[in-house]
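Going by the order they are written in, the chains are A, B, C, D, E and F; count residues from 1 in each one.
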Amino acid sequence: MPLANIPWQERPAGCSDVVWRYSGNPIIPRDLIPSANSIFNSAVVPFEDGFAGVFRCDNRRREMNLHRGFSADGFAWTLDDQPIAWDCDDPQLGEFEFRYDPRVVWLEDRFYITWCNGYHGPTIGLGSTRDFARFAFVENALLPFNRNGVLFPRRIHDRYLMLSRPSDNGHTPFGDIFVSQSPDLIHWGRHRFVMGTRGGWQSTKVGAGPVPIETPEGWLLFYHGVLTSCNGFVYSFGAALLDLDEPWKVIRRGGPYLLSPQTIYECVGDVPNVVFPCAALLDRPTGRMAIYYGAADTVTALAFARLDEVLEFLRTDSGG
Amino acid sequence: MPLANIPWQERPAGCSDVVWRYSGNPIIPRDLIPSANSIFNSAVVPFEDGFAGVFRCDNRRREMNLHRGFSADGFAWTLDDQPIAWDCDDPQLGEFEFRYDPRVVWLEDRFYITWCNGYHGPTIGLGSTRDFARFAFVENALLPFNRNGVLFPRRIHDRYLMLSRPSDNGHTPFGDIFVSQSPDLIHWGRHRFVMGTRGGWQSTKVGAGPVPIETPEGWLLFYHGVLTSCNGFVYSFGAALLDLDEPWKVIRRGGPYLLSPQTIYECVGDVPNVVFPCAALLDRPTGRMAIYYGAADTVTALAFARLDEVLEFLRTDSGG
Amino acid sequence: MPLANIPWQERPAGCSDVVWRYSGNPIIPRDLIPSANSIFNSAVVPFEDGFAGVFRCDNRRREMNLHRGFSADGFAWTLDDQPIAWDCDDPQLGEFEFRYDPRVVWLEDRFYITWCNGYHGPTIGLGSTRDFARFAFVENALLPFNRNGVLFPRRIHDRYLMLSRPSDNGHTPFGDIFVSQSPDLIHWGRHRFVMGTRGGWQSTKVGAGPVPIETPEGWLLFYHGVLTSCNGFVYSFGAALLDLDEPWKVIRRGGPYLLSPQTIYECVGDVPNVVFPCAALLDRPTGRMAIYYGAADTVTALAFARLDEVLEFLRTDSGG
Amino acid sequence: MPLANIPWQERPAGCSDVVWRYSGNPIIPRDLIPSANSIFNSAVVPFEDGFAGVFRCDNRRREMNLHRGFSADGFAWTLDDQPIAWDCDDPQLGEFEFRYDPRVVWLEDRFYITWCNGYHGPTIGLGSTRDFARFAFVENALLPFNRNGVLFPRRIHDRYLMLSRPSDNGHTPFGDIFVSQSPDLIHWGRHRFVMGTRGGWQSTKVGAGPVPIETPEGWLLFYHGVLTSCNGFVYSFGAALLDLDEPWKVIRRGGPYLLSPQTIYECVGDVPNVVFPCAALLDRPTGRMAIYYGAADTVTALAFARLDEVLEFLRTDSGG
Amino acid sequence: MPLANIPWQERPAGCSDVVWRYSGNPIIPRDLIPSANSIFNSAVVPFEDGFAGVFRCDNRRREMNLHRGFSADGFAWTLDDQPIAWDCDDPQLGEFEFRYDPRVVWLEDRFYITWCNGYHGPTIGLGSTRDFARFAFVENALLPFNRNGVLFPRRIHDRYLMLSRPSDNGHTPFGDIFVSQSPDLIHWGRHRFVMGTRGGWQSTKVGAGPVPIETPEGWLLFYHGVLTSCNGFVYSFGAALLDLDEPWKVIRRGGPYLLSPQTIYECVGDVPNVVFPCAALLDRPTGRMAIYYGAADTVTALAFARLDEVLEFLRTDSGG
Amino acid sequence: MPLANIPWQERPAGCSDVVWRYSGNPIIPRDLIPSANSIFNSAVVPFEDGFAGVFRCDNRRREMNLHRGFSADGFAWTLDDQPIAWDCDDPQLGEFEFRYDPRVVWLEDRFYITWCNGYHGPTIGLGSTRDFARFAFVENALLPFNRNGVLFPRRIHDRYLMLSRPSDNGHTPFGDIFVSQSPDLIHWGRHRFVMGTRGGWQSTKVGAGPVPIETPEGWLLFYHGVLTSCNGFVYSFGAALLDLDEPWKVIRRGGPYLLSPQTIYECVGDVPNVVFPCAALLDRPTGRMAIYYGAADTVTALAFARLDEVLEFLRTDSGG
């Protein structure tokens, strides 16, 4: 996997939050490409001298699809106006229903993309690319109804692992995080419960966010949580630490959220009151982290944190 | 029907949208008249040297009623603070429950107004005026539960035609467009299905917007479509072309929406995320079109288009 | 219209109910014809030397359709195993979605059949026959969503009248009775509210039952009412008296039900707890009445009453 | 009870509303204290030389709790970052589930606080303080499920009185105001219905707001009302006048609302479209009133009125 | 309180159930009195030389009301066809909405009746009689929405106690048992949670049944529990033992139900699948118990048990 | 796999149904064992000289569990009163939440059992036995939420196959049949859609019934379908033929149901109106089939058919 410095902006003066927003948010407006209604819930990775990504773009029919994009600095992006075309031998599998909320991970010898894929209901599509030029569809990893499938960046005990959140066929007023294991990225089993809802900001459902980040203390997982107000869902995000060997064991879990919808671009849009992280870049030498998140299901925004502070937050604010 | 130039503002530089917003939106604030909570989903027609209209005003009890208004240029409006009083012989029919979402059409020798009328549930009220001074209630054209009744501007094969959208007694999570026929504007029959929901922005329900506009290629119909997000309904609008002789036959139907709620006055208000067109004026010599629409169920806004571009859009972006 | 004595059985000893059941109920079992899952909610009329009828038969796919049947005495019936084939010029209208809950009335020069007809939702289909051999489809009288369309047996002030109950596209947890007027049985208007729900057995919805019976005191209408228990709907039926000239005016309305589901064949079946009347025969010389009703949406049953006692019931038990 | 001038700002030029907003709104931002997600629906009283209050603060776990605060002028506030600790002998009662939406009243010899208290569901917690330093938990006054418990500021016919709004265990799509009576603030009975929903802005539910204010014409009650749009609840507030001796008798009730969510801080936030008053201060010599209200369930705002104008509004705009 | 032997029938051979049915069930048919649709969920007490009771009778309007009845042996009953008339000074309280599900208890010097009383929603009505000839209405003990109010047969620590189950305004898909305390039977406070739902037959809601029976081991409470199947609610009943001094403390609680709907008269009727106990008579010398319960919300049935066996059941089958 | 003649009773005279009921139904009453509330939805296989089975028994707590049973003739059964104890190394997996609706299949060298297993929601548990004495838990094959997991009786193209029906966490008002593939019975992938709902009796959801039976024409699958009436779900069953090599391809599918709830033991019980098949035995020499099905979620019943007639039914009654 190529290397790159990550986008960064220091914490504003007077702010003591563990996660803070980029002052130039949103970094991607809803109409960056002509066909787009909105661009959000997207994943980026270091690629060659800069960054590449897979972006959720809803077009003006409000069809949900995936587009590729590139950036030199992680702030300024160019996206293809055409959706990604997937190589797929089985025409039934290749047929387009909808694709959304991608995650991208470098795993062994290529990038793997997981997303919510329409196949008689939402499930977890799995594809790969080596060059962000050609994309191969692998399989639907799981049965419908599922969302928020996220791969771990390496095998554990010789097995691939994927987080996911079993769902229903609508807006799903429940949802826990499970992990499944696979010898070949095709067949999945030994499913284990990881974590469920709690009170407050994560009382309706929770789902994995960016690809987990390995730290000496455990896998750092940012995840979104949903609260149901009398006017609908509110999406915030927090963090947890999973056991390195048996990641279905939660070592610590943050009590408070790390970011909740509070700015105008997070509170107003196609779905008011949403922050939804899909990628987190870590610069290991400095501990700097850049978190890409969708805002109001409309635009893409960026937030920052320091790894040591996030781990400290989990040590002190862990619990119920 | 008297003639007038229509309000107009050129497409902004750099914009390639088929429909674009007026830069001075909203043209009517929510409190233009003292009693009003909001003024939106209103219909206007050329009248004498300027324009007249029937406006939905919800008062501060949140009762929904119709008010008349006048404008010299179509941008700046004065409205009566008192609702329209309807001449009606039958006291049971004249009793006020609620009146909203009017359309106005010049038909043969007078203006006809249709609106959603409360009579043991929402149905289509029909009234007329010649002078915007006296208004006569004709009848409820259809049984409850119905909304979005829109007359064609002339008889076809000697019959009047009315579009409508059968509904339920609440917020109606479904809805297709039908057309009904009448020899006398009182009795309606030979009901035919026109078009239903599709995916994306029009997946929950659709309803006719302004009075259809006759073009050589067919009747141009702007219509609203509704998508259900986890935080409620999103109202956008698009266009379709109906057969001139048998308008229940859809010749073309735009895939993308033409306008969706994206500005602050469309996304924030009594009902977030609504654009709802009720009138479209066409200047035939130039092809200029002015579309009046309600925004966020709170204020009235204006958008523009060119007829030839809308027809071209329907030729190229038609389909599902 | 030909004449016939009506089926009859005296009130059992010790019973003081205004309406009493036939001791041989159900008169038509669910599987009288090979294709049937159930036969219920059906209408019969005197025809030639006996009786003819249009029957709701759900087949073993659970498709709902109409079959004709004949009987010499009104008790024992033979039915066609094939559904009625309708002559219809417009292929779109003739297409079969579903047909159920028929009523039959002799009106001027032929029998008219109304039923709940599937046309992009349930609405009121209207057809006719002179001989129960050939059946002509006329039109859908009203827009969806509607059920329980019932014609009056003669014109009033030169207009045909039809009762109906506007509905939604599902199991409709509301419903009032309206009457519409027509010059030609095709176009309908001047819709008037007749009566709505009350407490108790008729608190969820009400719908017209058999064709109204003209009496000196008014039109006698049997109608069903629905109560919602924690385990679903309960269908009973009662009676009301409508003004002869302006039948949207209710002169009297029975407080108690006349029949509620209490026998095993009314309480157990495809839909537990349903009695649903679709036809009432009156022998004017004797005042005897035979009421055909569906039981548990599964079988057809018969009940009896005397006209003078029903009118007396309405005089004394009218109200609240 | 100590005395203090109340915060005040004159009605803006050109404004004719009975209640007008403070130009510096919101007076308390969502993050005034470090732990807070939001601060709203809070109650204040004159205290010593200034003002004290009990504030609803939701923390970043989205737990709902009560904090105390002080202000010299009623505009600028300081709040404790720690929630109020309640003295309570019974550990079962003292256990924290949630606490929100407080009201504070001076009653005989101390301040009493009522709030929505979690005890196997939401009910009315009752506590007291003399000094805003120590707080004693008294009892849950009523059984779950209840919200919006508001004490009268004096006994009537030797009995304490409390308004409340029986609720369910969720977002409660119904709700009327009742009054209960007590000899000892512990046991409550002789419950009487005060007022229920009406059309428009108060069609879904109503609930008492600030402590009622005694006037020669009756008890002045500000109360919130809720309308259900297709995108959720809208909270406005209005006023009513209750009989001085038998306050379950409504003398007058305002038809229009006095304030509805219209500014950005009322329409955008954790719960869009909410204004929710919890305290009203009256300066009797001048008739000036300061109304504290929560906005969008996120921040605290201030509005003003004059007592004589509110009473005049109730005389002229009373009715349905 | 007068004494009487209780109705009794020995356990059938081969039956090992703790509670068994009377072989002559139902003891009261749905139409014992002319006005009745159904007679069920009724309470009886020893009275003079035999038994008296307060019966829930729904009439043929499906209005719910209370009737008195008498029996010499507890098996054969005569009921008044007229509902009980209550002496009540306050006309607002005396107005009839609905009355159902009574319990009767001898307390100090008279019989007290509690029932579900309609007063702007269901709540707990409280009345008394000394002679089953005159009945006095006392007060609504609690605010709506509440059901299943049951008094203890004596004061504890000088306070009256009442069990109840807070509810909502519909068919209530939740429900726990609380106890409230009173010095005077008018004002109630010090509400304590007693017990909530568990899995299986009592997973949706639970409610107190007959008046608790004092035993050396605690208060024996029969209570109903509800399970929600895909076809509605199923009502069974079981038992628990409450602390003698602090009856909000549950000493033991039966895991299995004691009786569930299994006979045709319990499974078929106005509400299928209901057994609902409202009275339990104990013959202390023999330990025989007679339990009166409503079946299918239609008829009244009788079951038997022995006190020592019920207590043994609670010792061995307690838990969860 | 051992061999045995299957239970059999000839088709009754006058009956022309493809599937007919055993005259001695139900063969297993609800209380065959002391702890049982009900015994239904159970699977049997030939075993040694007779038959063995795994039975769903709900106990009187209404906990759902699996019991083993034996029969010499397939009609008369003895069951263990204790549930099956599963050998399971992982305590988290072995913990009991609920187990229901088993299927049993002989596959290669042992019997495999699949059932709906509670593991943070319903999913497909997989276990095995060789002797019906010891039972080993293997794994949860799939993630929640899933039901009706059914194994094929042999590998196809070297892969095991399992049908299942993705569900939600409640009573699931939707449901299609999918097939998943596995190299090892642990990891599952290459999920393919098999068939979804249709109109009528199978309009709400469908789920696989007994283990598919190999025939020269394809895999014969009996499956249940559900219709939603206004009073709840109605479960019937029909048949389909799946491609031998690619069983996600449906060759034929019966239009009518083969059996629907019509007898008292199918219409009345804990869940009215259910027939639910879980096992089908085929005597290949004669083509006789015995189908075990649950009735009303209460008892176990038996029906019969002939293979050639079922295949003929599929040839002639296939379609829509």
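Note that contacts are C-beta pairs under 8 Å (C-beta built on N, C-alpha and C of every residue); 3 or more make two chains touch, one makes a residue touch a chain.
Since the structure is predicted, the reported quantities are computational estimates derived from the model, not experimental observations.
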| item | value |
| --- | --- |
| Those chains which touch subunit C and also touch subunit B | none |
| Smallest count of steps, each to a touching chain, taking subunit B to subunit F | 2 |
| Label of the chain whose CA centroid is most distant from the centroid of subunit C | A |
| Superposition rotation for subunit C onto subunit E, Cα-based, multiple of 5° | 120 |
| Equivalent interface positions on subunit E and subunit F, same or different at half | different |
| Centroid comparison with subunit F (C-alpha atoms), farthest chain | D |
| Distance from the mean Cα position of subunit F to that of subunit A, given in whole angstrom | 39 |
| Touching two or more other chains - residues of subunit F | 231-232, 268, 272-273 |
| Each pair of chains that touches, named by its two labels | A-B, A-D, A-F, B-C, B-D, C-E, C-F, D-E, E-F |
| Partner subunit D, residues of subunit E touching it in the complex | 92, 119-121, 123, 139-146, 164, 166, 168-169, 174, 176, 178, 180-184, 186-193, 196 |
| Subunit C residues touching subunit E - in the complex, by the definition given at the top | 16, 199-201, 203, 227, 229-232, 234, 255-257, 260, 262, 264, 267-268, 272-273, 320 |
| Footprint of subunit A on subunit D - complex, ascending | 30, 34, 37, 59-63, 171, 231-233, 268-273, 297 |
